[in-house]
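Naming follows writing order (A, B, C and D), and every chain is counted from residue 1.
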Amino acid sequence: MSTETVLSVAGLSKSFRAVKAVRDVSFSIPRGKTFGLVGESGSGKSTTARLVLRLVEPSAGSISFRGMDLAGLSSGDLRAERRHMQMIFQDPFGSLNPRMSVRDTLVEPQLVHGIGTPAEQLKTAERLLAEVSMPRAALDRYPHEFSGGQRQRIAIARALATNPEMIVADEPVSALDVSVQAQVLNLMRDLQDRHGTTMLFISHDLRVVQFMCDEIGVMYLGEIVEQGPRDRIYGAPAHPYTQALLVSAPGKAGGQRARLKGEIPSAHAVPSGCAFRTRCPQAFERCTVEKPVMRDLGGGQKAACHLLDGAVAA
Amino acid sequence: MTLTQATSPDRLPGGDEEAFVTTNKTVWQRLLANPTAMASIVMLAILTLSAVLAPLLAPGNPLRVSPADRFIPPGAEHFFGTDNLGRDMFKMVLHGGRTSLFVGLVVTAISMSIAVVLGAISGFYRQVDVVLMRLVDGLMAFPGIVLATAAAGIMGPSMTTVITSLSIVLIAPSLRVVRGQVLVIRELQMIEAARAVGVPTLRLFTRYILPAVSSPILVQASFIFSAAVLGEAGLSFIGVGIGPKELSWGNALTEARNYIAQAPWIVLFPGLALMLTILALNLLGDSLRDILDPRLARRR
Amino acid sequence: MTAHIAPLPADLVSPQTERPTVLAVEDLGLSLRNADGLLPIVTDVSFSIREGEAVALVGESGCGKSITASAIMGIAPDNAVITGTITLNGKVISGLSPRDRRRLCGRHMGFIFQEPMTALHPTLSIGRQMTDTLRHNLGLSHGAATDRAAELLGRVGIPRARDILKGYVHELSGGMRQRVMIALAISCGPSLIIADEPTTALDVTIQAQVLDLLDDMRRELNLAMLFITHDLEVVGDFCEKAVVMYAGDVVERGLSADVVRAPAHPYARGLIDAVPAHDDGRTRLTPILGTVPPVGQWPEGCRFAPRCSRADGQCGTRPSLERHGPTDARCWHPLETMP
Amino acid sequence: MLRYLGKRFLLILPTIFVPLILVFLLLRLSPGDPAGMMLGDQATAEQIAALRTQLGLDQPIFVQFLLWLKGIVTLDLGNSIFFREPVMQIIPRYAGVTILLTLVALTLAVLIGVSMGLISAMNRNKPIDRGVVTTAVLGISLPEFWFALLLIFLFAVTLRWFPVAGYNPPSAGIVAFAATIFMPAMALGVRQSALMTRMMRSSMLDVLNEPYITTARAQGLPESTVIGRYAMRTAAMPVITVAGLSAGYMLGGAVTIEIIFALPGLGRMLVEAVGRRDYPLVEGGVLTISLVLAVLNLAIDLIYAILDPRIRYQ
């Protein structure tokens, strides 16, 4: 079992004018593993996904992909490097070009990266379709002829076309009906197992993240507040926000009414000290004045909360 | 890695033929099924044919003066009557159409081509956009008639003059439409997806953005065409368009207004021809918009 | 949450706890008239809601749940042909004129929509929208309506109600918007609230707050509530009864605890299995194969049959909604009820 | 609010300066020399040169432009070469007619457009709607100058209600004014009213599909309130935009109508001045039109800001 790190980001930040969308995000993903970013709207998880691929230029921080610093690449080199990192988007209706047939859509990535002869490219396209369980007849059809789930399969096939080492999936199933969600999630896991692809998986749905991911980062207002292996996050959440998220999820209430109070603050006005303090049921004075740092809780789990002072695992 | 054919268990029992969503009709089928579109196309075809075939349908010099035949009302001899100089109005209308349609076509081609290039650039480069859009604002505020008059003064009234000034005036509205569309398309997820795949910028233009803006461009082109026809007639009417020696529907009306009481038909027929042309182009634009943009179509 | 109201099986409810029926829908059908004739969208929908009771209408997109709600409200599209009977507080309303139906809105039925951002007017103040409704439905003066509006906003947990009344929808956060929507819906004292995916557009933590608020309002005001959702897990928490729809049909109906725990219809089961649960440690999900057939392409007989692993020849004829164990299901081969 | 208007004002500046620069260059580039034209064919080269110096025409173009800009700031637009009196005194004589004509035509267009569009939208797909839609498409296809001739034929020649041409200022009495302004205003407004009818109709139909209209209905509000207050408020916005564009179009396009009806307006004055190479007068005329347009645009921005609170906060 190799533990080679495919992606490692450190101190990643992004500001849009006065809005600090992503602040000091660091994590790394070993080969073949899935790292999940979970959070509510405004948590910066989708921006992080785009920063990792440099679809959005980071304001600060480093992105090390396959041992190379992406943040320092020229645009030409970056474009060539895209062959090894692909993305799956949330909206299966918007992410495909309506005027390109499935054949063209699947050939396109090979074409722009100069992979194979036209005949080989077509063969690959056929193989990709089969991999995502679509009939060969789909090749000459256009996106509008497919349902949402089918389109998302095509988008997945496109992401696989260059045989990438890493796939970033931004809410890939949240636009789909539950029964179709299950099909796509199964497919993604199968393909990952088969190809050994490393994955960054973004979702607001805790159930989906738990199903898909090996390691999870919980984001709140542009920061990772807690991260660790899946079982630790779900079994022994350390940060009050993680705890609240788990309790709030439907099907988990069971009479508990320990709800978070208040609204998510705007990214224009991030609270001082701990960003979560305005909604935290356990906030105290120190949270207002001092920003908590990430503390190692052992077993790969880390969280940023003053309550964890002294709770450092032996 | 081995890439064997996947036999996914997520397959329908009894075959892999998942039902596709019903195929939409093609644009051509929808065009044929749209009565307004067909009517406008037929109208345009007739107008174009009669202009092209004018020398055959109404042979002879339309500008030939025949003082003996002044003010003859419409009849079997002269379908549309004759004017104050005894010229046959039928001939004038047919031959005048050549000017109108030619000017319209050339102006549309010039202004739309420039608008597409500039619009694409403007939609993609913010700095250029800021400058260009302020220029367009200014151009829209500039009275086109002053430009045309000045141009007529500089270059003398001629077909080239009219085409030049109309093209300049009509670039601004076309550019706005194209740029607006590019801005909308640029924000679509398919563009981000293409960038994520690694598609280079030029290819992004040609394969993703241009095809997407082609429909609105086509619609806009038919409206620009009608604006150009109208513009030519208007300029010629006040004498700063195509020269007085040339034939145009606008020219024909300049003199006609002095004889409106005696011979209303000289006013009627060139204007009617002009209006039908503009109407056909507007209807074509409307129905193209309905056909190409299904979201708007359900309204009409 | 349902533990507060004893979820007794329907036939065991004693006369003392018998609450009057607020809404009864019987054999509701809705078709859209288009160039090719009538296109059926919803068929044979029947259920009822009692005072203080929340009933869930569950299904995936395109199953007809929202249009069922619009038929009950009386705001279905102009080309809709509606059959069946809708009874509100003992009065048959399905035959009333559009004008009389409109009079019931607000005063007797309140509505909460999925997207409060678009469901509230963008350029009229919150206060204006609330007082318009209050003044028209209850005949209040401007001052009285403003006071009542402020009181309502306070009641749904909005601080600084007077300031918010002067504000506009774009100035509020998602959760606050939905609170305003709820205040508007309950403002004229309706006996029935129809909530169409009221929390789908909200974040998880906010979703929980809004669900709690709706639950509180239902209890305090003894409201009958029709809760439209695609999320079966929310149903179990929040509603006493559940009606599961598939391709325009009611496929299962019963107490939500029974529907969620031991459904009889394979589709309802499939919906539950398709969702990854928090702690089941599964490495594969059990999807429902294929996709929902679009309107106009429903199969003959049981509409779920082409996607159903239990289907056989019998499923070519249409099953009726019948009792199987604790719930009603429209199925020839219902699942065994687990003990 | 003030900040918003300030910002709009800055954006409007180019609409004043671009036409000025354009007309300035255009006139300087055109052959034909005002000095030569003023002095006639018999003038000697020395005479012409002297006059050129007197008019400042021997200076480099940018110096001329700066001098002229200075003139604008000091409200001195120079003397008309043809009329030999200050431009600042000539312009008001002509501008009043054009502005009045535009205002009357705009009022007619808005009244007709809004009411027809509303009637049409409210009776969608009924015969009356079809009638309005057909009339509107005929209307936008109607060449103004031809329609003006038809109006003359009908009202002046046949019915003899109004004079064929000529102008009575409002000071001559409202009836006399109306008799000379009615036909020009109708001719100028006909296409714009058809455009506004179409815009009102489609905008209303759009708004009627908005969820907040459903909410208003679901709250039991009567249809008159739903349409008159809830729908009109948002549906009017695009119509206001069109009204602004129409006004600009009319100001610039009034010239043809002014010529046909022999109205002493700015447009006619401009065309004549261009023909006479009367630089100061042309420049003054264009400046006037740009300024009126700028004021009009600001007024529309103000109306927008009043009607739409979202704009005030941007």
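Rule of thumb we're sticking to: a contact is a pair of C-beta atoms (placed from the backbone, for glycine too) under 8 Å apart; a residue touches a chain by one contact, two chains touch by 3 or more.
Keep in mind it's a predicted model, so treat the numbers as computed, not measured.
Considering every other chain in turn, the ones in contact with both chain B and chain C prove to be A, D. The two chains most heavily joined by C-beta contacts are B-D. Averaged C-alpha coordinates put the centre of chain A at 48 Å from the centre of chain B. The distance from the centre of chain C to the centre of chain D, each centre being the mean of the chain's C-alpha atoms, comes to 54 Å. As a whole-number value, the distance joining the C-alpha centres of chain A and chain C reads 33 Å.
Put simply, the C-alpha centre of chain A and that of chain D have 54 angstrom between them. Taken residue by residue, chain A touches two or more other chains at 147, 150, 183, 186, whereas all remaining positions touch fewer.
Along chain C, residues 287, 289, 291 each make contact with two or more other chains.
Residues 50, 53, 55, 79-80, 82-83, 86-87, 89-91, 94-100, 108-109, 112-113, 127, 130-135, 137-138, 141, 144-147, 150, 155, 158, 162-163, 183, 186-187, 190, 194-196 of chain A are the ones touching chain B in the complex. Here chain B touches chain D in the complex through residues 134-135, 137-147, 149-151, 153-154, 226, 230, 233-234, 237-238, 240, 250, 253, 256-257, 260-261, 264, 267, 271, 274-275, 278-279, 282-283, 286, 296, 299-300, going by the rule given at the top. In the complex of the two chains, the chain C residues touching chain D come out as 73, 75, 102-107, 109-111, 113, 115, 118-125, 129, 132-133, 136-137, 168, 170-171, 181, 184, 188. Residue ranges of chain C in contact with chain A, taken from their complex: 1, 3, 60-61, 173-176, 203-209, 212, 230-231, 233-234, 236-237, 270-271, 273-279, 282-289, 291-292. Residues of chain D that touch chain C in their complex: 210-212, 214-223, 225, 229-230, 233-234, 307-310, 313.
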